[in-house]
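Okay, got some structures for you below.
Here come two complexes built around chain A, the first alongside chain B, the second alongside chain C.
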Partner chain A sequence: MKHNPNMPSPPPRDWTVLTMMLLLAVLVVASFASLPLKWRDFFTMEAVNGTVELLQGFAPPDLSSGFVTKTAWATVETMAMSALGTLLAVVAGLAFSLPASGRFGGVARGAMRSMLNVLRSIPELVWASILLIAAGLGPFGGTLALAAHTAGVLGRLFADSLENAAPLPEQSLRANGASATSAFLYATLPQTLPQMLSYTLYRWENNIRAAAILGVVGAGGLGQMLKYHLSLFQMQQAATVIIAMLLLVALVDAISFAMRRALTR
Partner chain B sequence: MLELRNLSKSYAGGRPVLDRLSWRFKAGEFVAIMGDSGVGKSTLLNLIAGLDTPDVVPGESPIVIDGIPMSGLDDDAATRLRRARMGFIFQAFHVLPHLTLLQNVALPLLLNGLPTARAAEMLDAVGLGGRGHDFPHQLSGGEMQRVAIARALVHRPALVLADEPTGNLDPDTAHSILTLLRREIKATGACAIMVTHSQSSAEMTDKILQLSKTGLQETTIVNPFAQ
Partner chain C sequence: MTAALKANRHPDPAWRGRLIACAVAVIVLWPTMVVSEFKPWILFDWQSLASTGRFLSDFLTPAHGAEFLAMLLRETWQTVAIATAGLTLALLGAIPATLLVNEQLSISALGTGRMRPLARLLRQTVRWLLVLLRSVPELVWALLFVRIIGLGPTAGVLAIALTYCGMLGKVYAEILESSDAHASDTLLANGSGRLAALLYGALPEAASELMSYTVYRWECAIRGSVVMGFVGAGGLGQRMDESMKMLAGSEVASMLLVFVALVALADLFSKVVRRRLG
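Right after this comes the complex of A and B.
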């Protein structure tokens, strides 16, 4: 199309974006081509019948009082693991976020951010595998695994919140004679607290799900029960555990949503 | 009350901002400092408050407050001196948004370990009596500056530093704020130094000092408030 000289020139075409899009498309096609995905086998009558048979095995869930009580205790254990893991992570994350936000100089900031990167780059399952060797089987190792990974995530998020907080209220308190600690506690921390609480609740939601999975590697709670009953093909008991997981996640999601809404009001 | 003796300040690269500045400020006087942008007015206030450090001249104390040389103080001691003897007022108010007006005004009393009853009296004095439980977002700019003034004066500081306190306010509100500031300063006997670009604001003080590259010079003013 001919350019109208009375109008401003069109922006220059950005070939970098086009190249990136093209490379991404090639990557997606190559991924499908390189993996042995047997889509045809997945939709055979034999596979469909097998799936239906497996799903039928889950019904009805085992609702005997003994098993429901056992599942309820495992639910409490999973809940406790996630809550305690998150609490430990909040304490550690807050402590780590101070140097990571540059409050003790550039060197401490860089070193702490690198450490936080390491903590959060290792997934909870890997942390659990490592810590189960040190702490033994059971919920203690799982709790520590959740705390280690979440401390890395929250430390980074808290540090970013502190860095992004308006600096002038703290400076004004310093000018009026507040010590560095008082100025931080009165001016900067209250600014960032709602955001920090919101991050904490969100991570607690994630940790509930993660705690359920961690049981699979022996860290206790619902995950451990699920692995046990699935490995013995006790599908009705496994169904009860899965329902408990769904209810727990839904409950925590609802609580977290309500609390975050209250905080932003 | 406050004495500047050959006060100099240079920034990185050796660019001098203040060059051998000397002046003696008396207790109970309200002084305006005027001057072109970039001449060093805010730097001067920050140096007096101990928020910035002057160029070191061996054997000299360029800032002396109530006989105490600022240069001899470490960060903690400078903080304690500011807390007990100074009040700072800013152009952008810097009232803490998560605290009520009463809590904002009470803050210097809490930091000094003093009883907080005077906070309500100060709010009353600045015309915000009965609004102690309101939050800053419920206030206008002028009302917020009233809170900032109450906060700066509540612990009866000997020295009040104000950096463009009416810069964000319309002329009528600015006039009423400065009338209030003047009344409170005279009531507490504090020395107040106000940096301003506004001639009409400066004319409400006792004395106008012009800051330039050659130093501080007093300019004659005739105003109904000058004593």
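Right after this comes the complex of A and C.
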């Protein structure tokens, strides 16, 4: 099409963006090319029949009262793991956030921040499988794993909010002769407490979701049940556990949505 | 100040509230600790201390044989490839779903603000489908696919594709709907097709946000693909799980180092891309 002289000329092309797009395309093609994907197996008649058979095995979910009670206990265990893990993480995160907010000098701040980064960048599930060596199978290892990962996240967030708090109240208490501890406890901590509480609730919500699946490496809760029944090919029981997981997540979502709505209105 | 008043005064005016809060905390905490089998002394049990000690002392010298490093490199690439391929497949599902769900592209809602019942039903159905896809955790999808097609990266790719299809579809629709509807409305009202209205009306405004969300999700997918390896979906996670089961601390140590570096690198990359495109 010829360029119309009455119209503004098109914007110049940004070559860096085009190159980036090209690189992304190369990455995608290379990924598909290098993975030993078994699409053929997946779409053969045999595999399709196998899938259908597997899915039919799920229905109907096992709703006998004995099993439902067992699942309910696993749900309670999941909730307990998430609550206790979050609580431990809050305590550890608070302790870590003091050096990480630069209260004990720049060196301590840098060292603590990089430690928090490491704690944070290892996912809960990896923590769980490491900690199982020390804590043994069961919910205790899972609780510690949640605590380790969440302490990294919360420590960083707490440190940031401590750094962002207005320094003047604490300074004036110090200038009037209060000790460092009480100046912190009565000036800076109350300022940041609401924000810390909201971070904690948000992480707890995440941890409930994480605790539900943490068990697949053997760390208790619903995940452990799911893994157990799936590996024994007891599909109806597995279906019940999956339904319990979905209900738990939906419930948590609904409560947090309602709370957020109530708080922001 | 009278003596009676003075006697009533406690040094901490809020002591009653604090005491009650402490009591409630203990009452709630106790059953929680019992249910989650919170027994810290297990950690200091002689047997567990010995195995932890062996694992940790191994941990201090990360494995670095040439063969091992080559394997590590291969598995790391596989992890990235699983995330990328899964996200690409997820986009193939999420983009059409966004087109269907997006209310700004509804022609019947133009002007009247009311949608035809059939169109509303279709949008709601797709929305529920997306909710279902993303509310089953990716790890559970991976477990199921490993059951169906066996160990290997295919299960991981499919699990990421399904979960992220649900997430991306929802968030894309939200981003597009929160952008200014004026341009696309005008296009639609003047008779342009839905696709043209999306491409020329809604997309230019929302493009950078959509892009940066996608890159952020790619970063999450890399983390997810490592985690899914633990149930046998290939990549770094599967090797880590195997080394962990053999209590090979040195191998686990180098894998963790590579993993932390990989996550940091993905984080950096996504930051650079987002700044370029944002």
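As a working rule, the second predicted complex is superposed on the first by the 197 of 265 C-alpha atoms of A that agree within 3 Å, B and C clash if a C-alpha of one lies under 4 Å from a C-alpha of the other, contacts with A are read in each partner's own complex, and residues count from 1 in each chain.
Everything below uses one rule, namely that a contact is a pair of C-beta atoms (placed from the backbone, for glycine too) under 8 Å apart; a residue touches a chain by one contact, two chains touch by 3 or more.
Since the structure is predicted, the reported quantities are computational estimates derived from the model, not experimental observations.
Contacts of A:168 after superposition: chain B is touched, whereas chain C is not reached.
Looking at the shared chain after the overlay, A:95 reaches neither chain B nor chain C. When the two complexes are overlaid on their common chain A, residue A:179 makes contact with chain B while staying clear of chain C. For chain A, the partner with contacts to more residues, out of chain B and chain C, is C. In the superposed pair of complexes, A:217 makes contact with chain C only, with no contact to chain B. In the superposition on chain A, contact is made by A:129 with chain C only, not with chain B.
By the touch criterion defined above, A:111 lies against neither chain B nor chain C after alignment on the C-alpha atoms of chain A.
Looking at chain A, you'll find no residue that touches chain B in one structure and chain C in the other.
Those residues of chain A that touch chain C in the complex are listed here as 16-17, 20, 27-28, 30-32, 34-39, 41-42, 47, 50-51, 54, 76-77, 80-81, 83-84, 87, 117-118, 121-123, 125-126, 129-130, 133-136, 138-140, 142-143, 209, 212-213, 216-217, 220, 223, 226-227, 230, 242, 245-246, 249-250, 253. Taken together, the chain A residues at the contact with chain B in this complex read 168-169, 171-179, 182, 186-187, 190-191.
Within the complex, the chain B residues that touch chain A are 49, 51, 76, 79-84, 86-88, 90, 92, 94, 96-99, 107-108, 111-112, 151-152, 161.
For chain C in complex with chain A, the touching residues are 29, 31-33, 35-39, 42-43, 48, 51-52, 55, 77-78, 80-82, 84-85, 88, 135-137, 139-140, 143-144, 147-150, 152-154, 157, 223, 226-227, 230-231, 237, 240-241, 244, 247, 252, 256, 259-260, 263-264, 273, 276-277.
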